[in-house]
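Lettered A, B and C in written order, each chain numbered from 1.
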Amino acid sequence: MSAALAFLALVAAVAGWWLARHGIMAKPWLEPGLPAPVAPGSAFAEEAGPVRRAKAGLVVFLAVAGSLFALFVSAYLMRMGAADWWALPVPRILWINTGLLVVGSLGLHGAQVAARHGHPAVMRHGLLLGGAAALAFLLGQILAWHELLALGHGLAGNPAASFFYVLSGVHGLHVAGGLVALGRTMPRAWRDPGSARARVLVELCATYWHFLLLVWLVLFGLLAGWANDFAEICRQVLS
Amino acid sequence: MATTIHGHGPAETVPPAETADVELYHPHSWITRYVFSQDAKVIAIQYSLTAMAIGFVALFLSWLMRLQLAFPGALEFIDADAYYQYITMHGMIMVVYLLTALFLGGFGNYLIPLMLGARDMAFPYANMLSYWIYLLAVLVLVASFFTSDGPTGAGWTLYPPQAILPNTPGQDLGIVLMLVSLALFIIGFTMGGLNYVVTVLQGRARGMTLMRMPLTIWGIFTATVMALLAFPALFVGAVMMLFDRLLGTSFFMPAIVQMGEQLSYGGGSPILFQHLFWFFGHPEVYIVALPAFGIVSDLIATHARKNIFGYRMMVWAIVIIGALSFIVWAHHMYVSGMNPYFGFFFATTTLIIAVPTAIKVYNWVLTLWRGDIHFTPPMLFAIGFIVTFLNGGLTGMFLGNVVVDVPLSDTMFVVAHFHMVMGVAPILVIFGAIYHWYPKITGRMFNDLLAKLHFWVTFLGAYLIFFPMHYLGLLGIPRRYYEMGETAFVPASTVTLNEFITITALVVGAAQFLFLFNMFWSLRHGRPAGGNPWRATTLEWQTPQTPPAHGNWGRELPVVYRWAYDYSVPGAAEDFIPQNQPPSPTERREAAT
Amino acid sequence: MLIAAVLVLIVLGSLLFHFLSPWWWTPIASNWGYIDTTLIVTFWITGAVFTAVVLFVAYCLLRFRHQPGRRAAYEPENRRLELVLTVGTAVGVAAMLAPGLVVWAQFVQVPEDAAEVEVVGQQWQWSYRLPGEDGRLGRADTRLITPENPLGISPHDPSGQDDVIVEAADLHLPVDRPVKVVLRSVDVLHDFYVPEFRAKMDMIPGAVTYFWFTPTRTGTFEILCAELCGVGHAFMRGYVVVDTEQDYQAWLGQQTSFASLTGGAARADAAP
């Protein structure tokens, strides 16, 4: 469970920092009246507005998704110690898929920058690029599955293959979910590209894309076996 | 017009809290008001009623189990299959579908916006979806009762390999429905949980600093954060077990010979599932306990007319308990065959967590000290909670201490312990909380006499059920036994004790119908309660209407000027000052010692 | 008022029940008396805390019940009191934990001279294997299980040939000699549990677990399964007989080895 614990330690550190900034040591009974602003980012309801809310919502969701993937990784690390495990060949198309995900991330990053600086045309292109790259990534993943199946690595049998299908599948579902969100962002970005709301939606999509790229890089590293030495250490520390 | 506001992307589900125009999101038909409502208060009631309905099913199952234990074979339809199905469904329903759903989906939804001075949750549309997915999860679970081989009988821990192999009831469809239902529950909960967290982070009224929040909110907030991080472990376990069961993978399944036949599994690790399960399962205990801690603090403060003692310690303890609860999970696995050296670490962390927990108990008790204690039903239930929680917490010192756990694990001692500490204790808080907030939710008072009767039977009965049960475990009677049969070391007198426990359980169960009756009868016949019958300080009692209307606060959001516990302030005219009352010019506070 | 009296009654009743009830642990038959001692220490500490806190609550309820004109004190916190209580609790917790960890250190360290005994669980019966004259158990694997080789002992491992197989019969152990119980399961989780020995451990298919103890008195003790293992869980019983040295040797002489069991397989097939 080392991966999950490491992730939670990170969450705990962020939470601790946040609580410390929000006056967790205060003696609230001594201070009736309206408080001075405690810290930037401690806005109350009417100051917060939908932007902060949506951003906070995404951050919390990413923490949940991060926990999910960290736990999958933990399970992977614990299971790979068993005798029936043998490494899986890495389908070459995974390299292309990784590249696609990077392109998608760059596209949305570009869209976000363009939206901030008021270039609607660039923003639209960035969104299209991000969406197309993600779609191509999903197709590529399916091709990778086909390739593995053709090589005789079915779902059951070698647990490394089982994990490959499950992990890439769960990641793919998250990408698909991202595409739905992007699909809902696009009409607004076309109709009303200058609005604050469009800008925020684009920003949220970009953040999510970066997150999925990061998760995929970790998973890819694990599935391709580069992390084996690291995994061995983790397993010995806490299996 | 913005009635089409319902859900197009995250930012479009306009969080009404900052919307000046209350008209904006009013529901316009009976369906959107009471069925597909996005009002957190309605969602809260939907959650609560569903949870209680399924909870009564679990209560009924516990009756059947107790009848079998006291009078083995007396009821012919309870065979071993049925018995294991009852214990499994009873456990899972009570822990997940009743306690978690009621504390977070029920109380969380009702109290977070009202206590923080928000109009509603941050993402009302997702909040509504959360309830409907929860309902679907419950229905899928219930559906397993109607399959040909019935619900799963794998025990609520669902340990593989047994859970998905023959010789366990419900192996065909029951276990699949259980796992699917859990996955749905987790997805639904995540939608709700995002709301609770973001509303606390971003939806507080002006002046509501973190340290002015009532402990109820602290408890629910921390529990929600924990649940969001811990439930994925159960999700991972459920998904992988579904693959093992349906698609022949071997995540958890080693080589197995069952009834002389080699199965096609191999290499998997049953203990991996146990780690995942308890990585969720132990935080789950506190996911239930922390909201109860928070709520009971507010009940005690309000009905003892005294500020909660050591508020800061209480907040810190909640946060510390929440964090520590993620590194104690393997104390459920001392005799699971994991590396025995882990026992040193997990016994130490487990007993360390007892310190902040004990501080909470002391502070509740010290709040009573020099208070002005009104023996209202909420207060009685809170006292009942202190006694049962203390008892269950102390028996946890046996089970957490690795070597003492060795003889006691998997015996009735464990059953008695966790029922006392996370069954009876939180449920007493739930009852106390329902009596406490009933006047706000319905605008009417419940019947006091019936409520007190309900308390006495429930509290004393539950104590009489579970206190003696520890000694059956000490004697060595294992849990999850369909019947003991003739066993040399078990004296015949245990039969009498089992009969006593069963009869008490029947009475306690029946008393819950008093509660139901009271709730429904008072809806119509209770006397009108007024806005603040308990003379409480927190914001939910200061709403312009009772029950609060959609949007909670009318035209203007409340502004918060003080912490949640200004009871019996020296020099004040009344013995409570609401949180939204500005300080008088002369009001000044001395630092207390 | 009433509730204060009831709380006092709960304390008195619980204490009376504890001291008077006939339900208490079985007389110990192993070396794990320290576990019992730690348990008793825990009972005293937790019992004292329970009594003190509940009686204090009862006192508060009586003394500070609402009466006309009463007003509660205003006391947000009291650092010294809280500090004293925290430290006191930590000391109490340490007093329970420390002996527990010391005993656990003994529990996880198997003595050098412990004799190995293998217990194999399957739905819903117990089988046993003793190491034979070479003192070593042969390798075993669930994959090798056949009707003739019910414990899956590797036929190619010479140290397995003299292993003594005990199927569907009682396990015998010599008194006062430490035993390392090696645990295997061939199907689902089980747990080898003899209340008189205090120790227990899960058996996991695909893995080998263990614990150790020394039987300290002769007699026949019932084995129960303590981990839910399917519908027959409650009926998965067996017996351990703790013998004197002579009785044990006499019993051991009557047992069959793995080699003779597989040698007799052909005859067993022919029998009806």
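Assume a residue touches a chain if its C-beta (ideal position, glycine included) is under 8 Å from a C-beta of that chain, and two chains touch if they have at least 3 such contacts.
Treat the numbers as computed from the prediction; the structure is a model and nothing was measured.
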(request) Report the chain closest to the protein's overall CA mean, measuring from each chain's own CA mean. (result) B
(message) Between A-B and B-C, which chain pair shares more contacting C-beta pairs?
(response) B-C
(request) List the centre-to-centre spacing of chain A and chain C in whole Å, with centres computed as mean CA coordinates. (result) 45
(request) For chain B and chain C, let me know how many angstrom lie between their CA-based centres, rounded off. (result) 31
(message) Can you pull out the residues of chain B that are in contact with at least two other chains?
(response) 266-269, 307, 311-312, 565, 592
(request) Could you check chain C for residues that touch two or more other chains and list them? (result) 76
(request) Send over the residues of chain A in touch with two or more other chains. (result) 27, 29
(request) Report the residues of chain C in contact with chain B in the complex, numbered from low to high. (result) 1, 3, 6-7, 10, 14, 17, 21-26, 32, 34-35, 38-39, 42, 45-46, 49-50, 53-54, 56-57, 60-61, 64-66, 70-82, 85-86, 89-90, 93, 96-97, 100-101, 103-105, 107-108, 122-123, 141-143, 145, 147, 152, 183, 186-189, 191, 193, 195-196, 198-207, 209, 222, 224-235, 237
(request) Please give the residue numbers of chain A that touch chain B in the complex, ascending. (result) 1, 4-5, 8, 11-12, 15, 19, 22-35, 38, 42-54, 56-58, 60-61, 63-64, 67-68, 71-72, 75, 78-79, 82-85, 155-156, 159, 162, 166, 170, 181, 184-185, 188, 197, 200-201, 204, 239
(request) Could you please specify the touching residues of chain B with respect to chain C in the complex? (result) 80-81, 84, 153-155, 159, 161-162, 165, 167-169, 254-260, 262, 266-271, 304-307, 309-313, 335-337, 340-341, 343-344, 347-348, 351-352, 354-355, 358-359, 361-363, 365-366, 368-375, 380, 383, 386-387, 390-391, 394-395, 397-398, 401-404, 406-411, 460, 463, 467-468, 471-472, 474-476, 478, 480-485, 487-489, 491, 493-494, 497, 565, 567-570, 575, 592-593
(request) Would you mind writing out the residues of chain B in touch with chain A in their complex? (result) 8-12, 14-15, 17-18, 116-119, 122-123, 190, 193-194, 197-198, 201-212, 225, 228-230, 232-233, 235-236, 239-240, 243, 247-251, 264, 266-269, 272, 275-276, 279, 307, 311-312, 315-316, 319, 323, 326-327, 339, 557, 559, 561-563, 565-566, 582-583, 587, 589, 591-592
